[in-house]
Structure formats: structure tokens, C-alpha cells
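The same subunit A turns up in both complexes below, where it pairs with subunit B and then with subunit C.
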Partner chain A sequence: MLRGSVGLIALGSLLLSGAAVAQEKIKVGVTATLEGTYTVLGEDGIRGFQTALNTLGKKVGDKELEFVIASTDATPDSAVRAVRKLIEQDKVQILLSPLSGDEGIAVKNFAKSRPELTFVNAASGAQETTYVDPAPNFFRYNMDGAQWQVGLGKYAYDTKGYRKIATVGEDYSFIYTQVFGLVLEFCGAGGQVTNRQWVPLGTKDFASVIAALPDDVDAIYLGLGGADAVNFLNQYQQAGGKAHLMGGSIMIDQTILSSKGNAKNALIGTIAASGQADTWEDPGWQKFVKAYQDSFPPNKRFPSPSLLATNYYGSTMALILALREVNGDLSNNQAKLKDALAKIELDAPNGKIKLDSNRQAIGTNFVTEVVDDGKGALFSKVVKVIPNVNQTLGYDPAVFAKIGLPSRTIPECKKY
Partner chain B sequence: MSLTQLHAPATVVERPKFPAWPELNNPAAWLVALILVIMPLIANGFFLIEIFGTSLILGIIALSLMFLAGYGGMVSLMQLTIAGFAGYMVAVFGVSGNANISLGWPWWLATPMALVLATIFGTLGGALAVRTEGIYTIMITLAIGAAFYYFTNQNWAIFNGHTGINTVATPQFWGVDWRSDIPFYYLILAVAALCYFAVQYVARAPFGLALQGVRDNSRRMAALGFNVNAHRVAAYAFASFIAGLGGVLQVWNYRQISPGSVGVERCIDILIIAVVGGITRPVGPFIGALIFVILRTFALDVLIKFGLDGNRFRLLIGLGFLAIVFWSSDGVIGLWERWRRRQTRTSSSTAGRRHG
Partner chain C sequence: MARFIERHPAWALIAIIAVALLLWLVFAVWPPGLEQAIGRKRVFLNAIFNGITLGGLYFLVASGFTLIFGLMRNVNLAHGSLYLFGGYVGYAISAWTGSWILSFAVAFLAVGLVGVLLQILVFRRMEGQDLRQTMVTIGLAIVFADLMLWVFGGDFYQIPTPSWLIGPVQLPFITAVKSSGEPVYLQYPMVRLAIFAASVAIGIAMWLALNRTRIGMIVRAGVDDRDILAATGVQIQAVFVLVFALGAGLAGIAGVVGGTFQSISPGEDTRFLLASLVVVIVGGMGSIPGAALGAVIIGLAEQLGSVYIPTYAIVVTFLIMVLVLALRPQGLLARR
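Let's turn to the complex of A and B:
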């Protein structure tokens, strides 16, 4: 019985601690995928976020920023649950959330039910989040999956000479958006996408997928991430796969390139496109990489920040700079902060970022190729830098709207 | 299990006139009921819905499992799937942000439709499962749960795939927004109470007693002329309806449903809730759900507060469950009962008191 009462007291103190409210503090809730398939991505996202705090500090005028982190598992329901917990229990005023595509769509919809709060997207990249019925209090400082593929299709067609490709991707909104960007450009240049395979997020056994890969294609595009990507590579190597590969933005990323084992070596020479390139010479990027490396011991981080770290860094930076601009003034339903967030132009590590009228980032994209640094570590080497990529990918908005929303079969492989 | 075995004949012999409600004579039950009713005065929005509301909803779903496992001896892992099916049907027939999928029926049409379909779904699943026993029942119901999860994850025409259905409309009538915190809490409480007493009643009704007979010795019951499988399928139908009610509340709670809500691990969560709470009594699942929700919500904060790596919070959850199951194989209810028994042994004045 003693045990029971001790438990009750512990529980009671827990309940009480949730109610304590700080005064001169601005509370910000952060979510990341610290569970499930995308755990590694979430952890590096948090590292990017902490790097931003180390670089910029937590002070806004005379107020101090306080952060509460909640965990999700890349499913929309876990994101909504985490965000609700942060708002209702921890009383956060601003959200830095979420990480993954479908989470983004769900959180954006949730944001509409709390119009007084401010939501800064942390890293999610589904097109629908800001393109369809955007929430006025939801700001996204990273590009979407389609923007992150700009340049890849043309490079594959013109420079690499690929004419026919097949795709394998995770069956959800972010990868649809990535394949959308790739297919538009590759088919627009004259290429063919003969086969699109979709696997559920969290797939462990890729045997049937690998067996169904067509032989008569020049390259296979992989839109996988986290544990799924590593599992695929291991099994692909065991199956003796030798095709040319192309990669999506979270496939050719330090979360995969730094994985253990040598399955990742299948990726050497793979071309990809993303919102960053590990070996970019730009001083701003190099400074960020240095700050990231200095913030964590080598065994607790990747050799170079992943796309998620960069996104979390950029989002945190936007939020802190905007808060400083309004001197932490959150009165009148945070109107001033929202205004500042919409107008801010970021000098982010991965290039200049500004927002369009849907509060979606217009930024810089990178076409890369995977190289071995000679010591067994893999990096993405920059091949081409494309500035000012907007959400309609340079298409006229009316034409872009006709293409339809990214899905398993959209866009068709043709020139729009 | 032994408790109900002892108890069932006792009820019949001692109180043959009508099925009694032992809660009415138990001051602790009245106290709990009172606290639940005045909860909105005590708890703020977060505790009201996120902790107590969610616990009651999960408790309702786990109650349907408790009914099947405790009285019918059938451990069904598809109760959450049935709840999720009801939730999906509310989203599909009702109003949501995905206008190309949702049919836009008003809530008073969509909700009964969802409940009917969920009951049919659960009954059909049950009809499959009753052909098996023991571990095979667990396996076949788990298979139904897993199949449903993968189906929703990959079907875009009805279930909208991994994205799920967002911004599901919630009922508003009599000038009340039934999803605002306090009305919604009372709605959940009313449904939970209804389900609780329904299970209590059915367990003591002839059908429930026959079901317990089927659980204890199905051959003998068959020899006595009972249709064993019909009783089991009927139990599934009843449990499916309860699970469906929980599912409807669940989708109103989050206003959103996606495959993650019906994943296999969620199905197992329901089993954990029922086992931790105890499957010998209808109140067990609600206690289990409260413990589960508290652990799930606060484990991360506790670890960080003690300066530990927050990423290991699942470990804390696991340890909590391990501790409960280690000290009491029949859940928290079992702990309580053992404590009561020790009390009666030490204080002779209350000798021979029975409850349950």
C-alpha cells in the first residue's frame, strides 16, 4: 500500500507541475519525429534547432524563450495529439511543428481552429499544406517536396542521358510531392517514367518491390527516407541490384549517407536534388556546418547537417528574428509577429528565403551527386544551384493548377 | 477469472428477484461518480479532455474487449479496428475537409450509419473468429486489424491513404457546440456510463450468464441445448456496438482520422489497457485507460525533468506496465481486491463482505 501512496503522490506532483506558468517567458512548442521510421530524421532536426539556439541565443528583448519538445511518429494523428498537448497542457504560444508531410497537412488544418496562435512549420514538405486552402497563421520557411526536386529531371535527361526511369516511393503526401516535381521536369524534357511503385511508410520487407523493378530502365528513382531507405538499400544490395539510382531529398541526405554498414555505398554516384548540398562552398553554409559540428560531439551527430537539421535551423531562425523584430510583442492575437513572419527575408544557410502570399518559402535548390570523401564518409556534392524556386515551379499558376494535386498517378508523364 | 466464476452463481442464488447494481451500495463508487460529474470544476481544458476524456474514450473501447475477454473468454484484438472503422465511417458519411470523399450527411444520419456499419463489421469479424479458440482467436482478430490498417493506408478512394481524413465536422445542436470542452466531456461521460451499465446489465442478464457458461465450459453448454456460437457472435455484436461508440467519440475528439489511428500497435494498446486495468470487471478498462493516458502523456516530461534522455520515454511506459503486471497478474483491479481482502481479514467487523 505504501508503494501505492508513493505513486499517487508522484502522480499528484506531476499534475501540479503542469500548471505552473512562467511570466516573462515566451513559450514555444516544438515537435519532431522521435519515434518510428523517421526517428533519425527527428533527432537531427532537433540538433538543427539546438544549433540555431546556440548561434542566436534565447533572448528576445527582455523576454526569454522557453521551449517544450514533443514527440511524434510521422503519422498525422500523432502530430495533432502532440500539438494539442503542447497548446493545452504546456500553454505554448507559438508552435514550431511538424517534421513530416502528412503531419504538416493535419497541423495546418488544426491551426485553423486556433487562429490566435502562430504556427511555424519545422520541416514538413507536402505541397497541399500551403497550396490548398492555406491557414493564415501557418508559415513555412522550407520549400515543398516538388521545389526540392527542381533541376533533377533536366540534369538526369540532359547530362546523364537517362530516357526511361522507374520510381519507388513511400506512399504518402511528401513523396507524392517529390515525384510530382521530378516527373513534371523529367517528362517535360522528353523522358519517360514507366513504373511508379508505392510502399507503405515503415515497410521492412522490400523483396517484392525489388523483384518488381523493371530491367529496361536507365535509372531508378528512390523516394524513401529514414529506416525505410536503409532497409531498401540493404536488401537491394543483397539482391544484387546494379541499376543507376536517383534520389529524393531525404534519400540522399546525411540521415542515410551516414548510416552504418556498407549498403549505402550503392549510392555513390547517385544524382539527387534537395534544399541543400553538403559540400556547398557558400560561406554562410560553411559557417552553419561549423556551428552544427561545434554544438555536438562527433559521435552524437552526423558529419554534416541533414536536410532536417537545416530546415529546423531555418525555421527557428525565422521565428527568433521575427520575434526580435517585434520585441516579443504577442498582443492582439500575435498580429505583429504574424506580420513580421510574413515579411521576413531570411539569409538562411541554404540560401535566401522569402515567403509568397500563401506563406510558403521561395528559396534555392541544389542538384547534387553523391561522392566518397576518401575516408569512407559520403557527402552530396553540389552540381548545380538554382535560386528563386517558387511553389508553382516557374509554371504559370493557372497552368500549374490544371496539373492537379500530387498523388500516386498525378502528374501524368507529359509536357504541361 | 476465478472471481467471476465464484461470483456468477452467487448472484443467482442470493438475489434471484432482479439483477442488482452493487455500485449503488458502494460509497467509493458514488464518490468516483461525483468526482467525474463535477470534473469540469476541478480540471482545466487539457486535463478534462486530453486526460479524462481520452481515458474514458479508450476505456469504452477497452470495455468492449473486457466484455468479450472477461465474460466470453474471447480475446479480440480488433476492437480498436472496429472503433476506427466507425470513426472512418463518420468521416466518410459526414462532413469533413476532404469534400471529394465525404458525403456530407448531417451528423444525426452519419453517426447511426457509422454505428450500424461498425456493428456489422465487428459481427462479421466475430463470426469468423468464433470458429477458433484461444491464441487462434487472438491471431485472427489481429490479422483483421492489420489488414484493415494496411487497407486504409493504401486505399485513397474511401480512406484517403496515409493522409487520412482531416477537419471532420462535429455535431452542433440545441445551440451547443458539442465539441467544446465541457459539453464534450459530459457527452463522453454519458456514453461511458451508458456502456458501463449496459455491460454490467448484460453480464447479469440470462444472455450474459449463458455467455459466462460458454466461457467456462462450452461443451456442457452445448449439451444443455445452448447454441454456443450464436452466443459468441451475439457477444461480438454487442461489443462491436460499444467499440463503435468509442470510435465515434474518438474521431470527434481529434476531428481527424488516419491509418495511424488504427495501426496494429494501437490495437495492442487496447489490450494493454484492458490487461493493466483488469479484465474481471467493467471498471478495469477505465482504470487501465487512465494509467495508460497519464503515462503516455507525461513520460517524456518526467524523463526530461530528471535530466535524462527524453528519447527513452517508451522505456518508462514499458516499465510502468511491467511493474503493474508483475505485482498483479489481474491488473489494478486485482491489486485493489487483494488489498480489500487483507483489510477484511485484519478488521473482523466487516467479515464476509462481498462486492462485484
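Let's turn to the complex of A and C:
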């Protein structure tokens, strides 16, 4: 009897102390691609995340946010491994993850096995993540790859007069989604996409890919990122390439435009579309750029935040604002937090963001052109701003569903 | 050669036809039907050239690997780390002094020195114990990889190509004929040709050194029978150190080459270790001409694969390795 009650008291005090700790801190796990082809993207994502903490602070009511960062390498299994480790070993309650397309699909599927936790997508942009069988506890505050290409096809066709283009892209879900968005709009306007080449993520030797580029087209669209993009440009310069280029959202981005060497100069004049434009004059954007620049010394950052920094900033901002709205209340399987996250309307640096019924962002898109600032630094200059871009790209949902999911060959080049 | 034809007349005929067909594909202007069937000639020629130049890089890495194995019978699984280290050293020197040529010399010396230390501090202590040596080199490879990640980070580095090597050159191969009758010649990146020429020169120099000099004679004798050679009074340990330094230095040079026309980053060490393993297994462990042949075969397979069967390109190299292991397990050019 005595023993039993001693045990009970001990157990009770243990539980109490546990509760006391939980009251002081909310643990959030963050993943970024700090290894492999997309290392540079992951590093700048983390800078965006830190900029958000500098701007917004880590306090939620009387609780303090604690963050644990884990590294991935853009493969889906590395992302799931990192998320598992954060949940099981570091006991995080909320996830801010992941960065890359395939990772996003894997983490979304994993999220279903932990319905009590909350997952805020950090930057990944594959369409499937939120479009097919979305997880109720997975929230995405950035647009997907197809939304990020809205405006590019029409601009290329109408203003630049391109009629026939070919594409080169990395062989995985995010780039499929980007090419999907591009092809739908470009072919819808009457253009032709004659050839789509796919290269494995992490390709080093692009010489044969460059040789196989068709020369009877008006422009070549590049859907590459990180080390792949730099390797491609370097070898493109060595091979003396001179075609008109068009770029995807992580190709025409500070991660590439600020790379060392002069191979990037091939990109001057290239048109692209993305969820941001470096030289946008909106005061909110300029304030964010200033905050990013003030957070790090010039040699530890890019001249201007990359798309990844902006996405991490937006996701972190959404999470902190929602947590403050519910005063850090994570009881009842974080129900209040999830509710607040679904309803929140974000005044993000790159325009207003709200979520649809799949918890996917509806936001603003930018068509851009690469310019030299006269001092050798390259920036994306805004050409057109398109607000309220939703995941079905303005199509009727029934028509959009018929197009099929982005893949190497989908969509076909025709008007839907 | 003549004996081979006498012994296997059928195989010799097939080989001659294959070579003739290849020469025709390279030199002739393709008829339109062929272009429709397998694509433009420019793509094919480029893939062939890329395969051969990539083979040059693989040869630089694998020749050191096979030299060390041939003489000392130790499988140095830290060879990929030597490659990566050479790349980083080359980058640091080129960023510091701006000289591309100097980065080769320093990378060769620095990585060669690491090789000397490895031989004296590690391999000499466990001579003749193959399994222990292999396990230790795996361990070292992991330690080196983490040390380099610590110092250089996860970023990728590119060694800038000197300006006189940037851009394409025109080669005397006709890729197509314009409707006006004017021939279109192949444009090819200068830097890849220069690097290939350098690796051929290094290969020939190595072959000459092995076959025409006294040191080479000692090394060859050591490959055949180490114990008898030692018994004749040759300072075998000094020869071992020399060969190890040379093999490691070559890996260092290869790192600079790889950093110039591709890029260097963590993970490249295992990629090139794997590539050199495949190359020497195909060519024959311990054989320099075997390494050259294996390197060209693997380079061609990778590049032609990436153009004509992109989905399965990664499998092709391993298929070749499986075929060689099944039909000629000692490697294509190995001696009995």
C-alpha cells in the first residue's frame, strides 16, 4: 500500500515536471537540404528561416520556441529519415519541412502516420503533395511548381515571339510540375514544345545533354537547380552555346545568379517566372530584403534573398503567427493550431497568401527577366505581377483533373 | 594480334566489321534515313567524344588505383578520398594564386605526400594482411570524408577554367551538310580536348617509365614476385613508397581535372572510388593498359547511355561489369 502510493506520487511528480517543461518550450523540427546537389538552396532556406526569427522573435505568449535543424539531400528517404529522427529522438511537436519536391511527397505521406502533429511545408513545390490525397495536418504556404510558371508561357509567346521551344530538366516531381505549368500555358497560347530532356538529379557531365539540344527551336527552357544548374552553365559556356534561354524558378534564382565564375552571364536577358522577383518595388518585399541583408554579413549571404529564403521566411512566419493566435495551445492534438493555420491569411514579402481547402497556397506570381546591375551582379527584374494564382491555374477543377498528374510526358502539348 | 586472328577467325572478322562500321559512322555524312532512325550525327559524335574524354578522367583516377594494387596487392578504398582532397587543394590554390597550372603541381605534391604517409604509417604496419588493409582503408575513407566536410562544408566548388581554354574549337569532322552544300563541322569544348590530351600524355609517360626505365623494371619485377625481388637486395620498401606517392598524386591531379570540367563536392569521393573499381575490374586489376581500356569503355557507356537510353543509363556500366565478371573474371587485359 505504502509502496504503491510512493510509486504514484513519483509518477505524478514526473508527469508534472514533464508538463512544466512543455509549458516553457515548444519544440519545432526544421529540415533543409544541407548536403548534395541542393546544398546552396538549403543554406539560403535556413537564412530565410533565421531572418524570420530575427524579425518576429521566438516568444509565443509565455512560451519559447526551440528549433532543431536536420539535414537532408533532396531524396525522399533522407527527408523521412530526418523527420523521423526529429520526432523520435528530439521529440519535436511541430515540423517545418521539407525543401525539395520529392521530399515533400514523402513527408506528406509520413504526416498521415502522425496525425497528432503539425507539418508546415518549408519550401517544396511538387503538385502531388497537396493535390493528390492531401494530409489533413500538412500545410503549404508556398505555391507549387506549376503555379510558379504562370505567366511565362504567354509572355514567351506574345512578347518574345517564341513559337517552338525545347526543355531540359531534372528528372523528379518538382521539375515535372514546373514543366507542366509552362507547357500548359505555352501550348495553350499556340506554341510548340518539341523535345523534353530529363537528366538525373546530381548529373555532373552535361556535355552530351548539351550536344543533344535541338537547334531548330526559338528558345531552350532550363529546369535545373543548385549544383546541376552551375555545372550545366559552365559546360554550356565551354561548348560555346548561344541559344535563347528560359528559366525555371530555381534556375533563375540568386542561388545560381550569385554563383562564382562568369558562366552565369549566359543567363542575362533570360525570361523566367517564380514566386518572387528580386527587384520588386513593393515596400513589404523591400523591407524583407533589408531584414535579410541586415541579418548576415555580405560574404555569408546572397545580395538578395533566394526563392528558398523567401519560402522558409513565409512558412516560419505563418507558423509563428498561428501559434501566437492560439497562444501556444497544443492541447487536443494541436487542434486549435491546425485550425488557425488553415485560416490564416499571410501578408508575406512576396504578396498575400491564403490557403485553399487542400491547405495549398493561393498567392502572387512574377514573370521576370535577368538583368546585370552594372557591377557584375545579376538580378531578376519584374516584368509582370499576377495575383491570386490557385493550384488549378485558373482552370475549372474538372478540366484540370483530366490533364493528369505532371510527369515526363504530361501534359501533352495542346489546348485543354 | 596475328595470333589472335589465327586462333579466333570468326571473332576477328566481327571485330573488324565493328571497327569499320564505327569509322564509317564517325567519318561519313549520314544518309537522312539513318538520322531519322537514331538522331543527328552531331549528337552521336559528341557522345563519342564526351565518352572518350570522360574516359581520360577515369583513367587518371583508376591508373593510380591499379598501380598500387598491382605492386602491393592492397585495395586502397580511400582512393576516392585522395581524388576529392586533390580537388579541394587545387581549388584552394587556384583561388589563392589564380594559376590553373600551379594548382595541378601543388595538388600532385600534396596528395602524393598524403600517399607517402598512408604507406609508411598504415600499410607498412599490416603488410600482406589484405582484409585488415581493406577494412582500415574503408575506415580512413569515412574519416577523411568527414574531415573534408568539416573544413570545406557541403558546398560545391568549381575550379575556374583558364580563359585560353574556354569556348569551343572546330574539329575536322563533318556533322551535316547544309542545303547550300556547305559542310558543318563539329564544334567541341577546348578544355575537354586539352584534358584528354594530358591524360594520354600521362598514360604514355607511365607506360614508358614502366617499360623503359630501371625503376619501371623493378616495379614490374615486384608485380611478378615481390619476395624474390626483395631477396635480390632491392630496397622494396622505398619502391612501395614511391609507387604509392605516384598513384596518390595521380588521383590528386584527377581531382583538379574533375573540379575543372565538372565540380567537386562531398560524395564525389565515393562516386570516383566506385568508378575506378568498375574501371579496373573491367580492364583487369593491376594492368595500366587495362585501366585505359576500361576507362574508355565505361566513359563511352555512360555518355552514349545518357543520350540514347537515358532512363537506364546508370545500369549500363554495371551491366558491363557483370558481363566481364561472368565471361572473363580476371578482366579484359589482365595477364594470367
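By definition in this document, the second predicted complex is superposed on the first by the 393 of 416 C-alpha atoms of A that agree within 3 Å, B and C clash if a C-alpha of one lies under 4 Å from a C-alpha of the other, contacts with A are read in each partner's own complex, and residues count from 1 in each chain.
Rule of thumb we're sticking to: a contact is a pair of C-beta atoms (placed from the backbone, for glycine too) under 8 Å apart; a residue touches a chain by one contact, two chains touch by 3 or more.
Here the structure is a predicted model, which means the values were calculated and not measured.
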| item | value |
| --- | --- |
| Simultaneous placement of subunit C and subunit B on subunit A, clash or fit | clash |
| Which superposed partner A:Val230 touches (first subunit B, second subunit C, both, neither) | second |
| First (subunit B), second (subunit C), both or neither touched by A:Gly240 | second |
| Contacts of A:Lys154 with subunit B and subunit C, given as first, second, both or neither | neither |
| Touch count on subunit A, higher of subunit B and subunit C | B |
| Touching partner for A:Val40 - first (subunit B), second (subunit C), both, neither | second |
| Touched partner set for A:Ser173, first subunit B, second subunit C, both or neither | first |
| Which of subunit B and subunit C A:Lys58 touches, first, second, both or neither | neither |
| Which superposed partner A:Pro200 touches (first subunit B, second subunit C, both, neither) | both |
| Subunit B versus subunit C as contact partner of A:Arg114, first or second or both or neither | neither |
| Which of subunit B and subunit C A:Ala70 touches, first, second, both or neither | first |
| Shared contact residues on subunit A - subunit B and subunit C | 34-35, 39, 43, 71, 198, 200 |
| Residue ranges of subunit C touching subunit A (in the complex, touch as defined) | 39, 42-43, 46-47, 50, 53-54, 153-156, 158, 160-161, 166-168, 187-192, 261-263, 265-267, 302-303, 306-307, 310, 313-314 |
| Residues on subunit A engaged by subunit B in the complex (per definition of touch) | 1, 4, 11, 14-15, 17-19, 34-35, 39, 43, 69-71, 73, 75-78, 80-81, 84-85, 88-89, 102, 105-106, 109-110, 112-113, 133, 171-173, 198, 200-201, 407-408 |
| Residues on subunit B engaged by subunit A in the complex (per definition of touch) | 44-47, 49-50, 97, 150, 153-154, 156, 161-164, 166-167, 254-261, 263, 294, 297-298, 300-302, 304-305, 310-311, 313-314, 335, 339 |
| For the subunit A and subunit C complex, residues of the former touching the latter | 34-37, 39-40, 43, 71, 197-200, 203-205, 207-212, 226-227, 230-231, 234-235, 237-240, 260-261 |
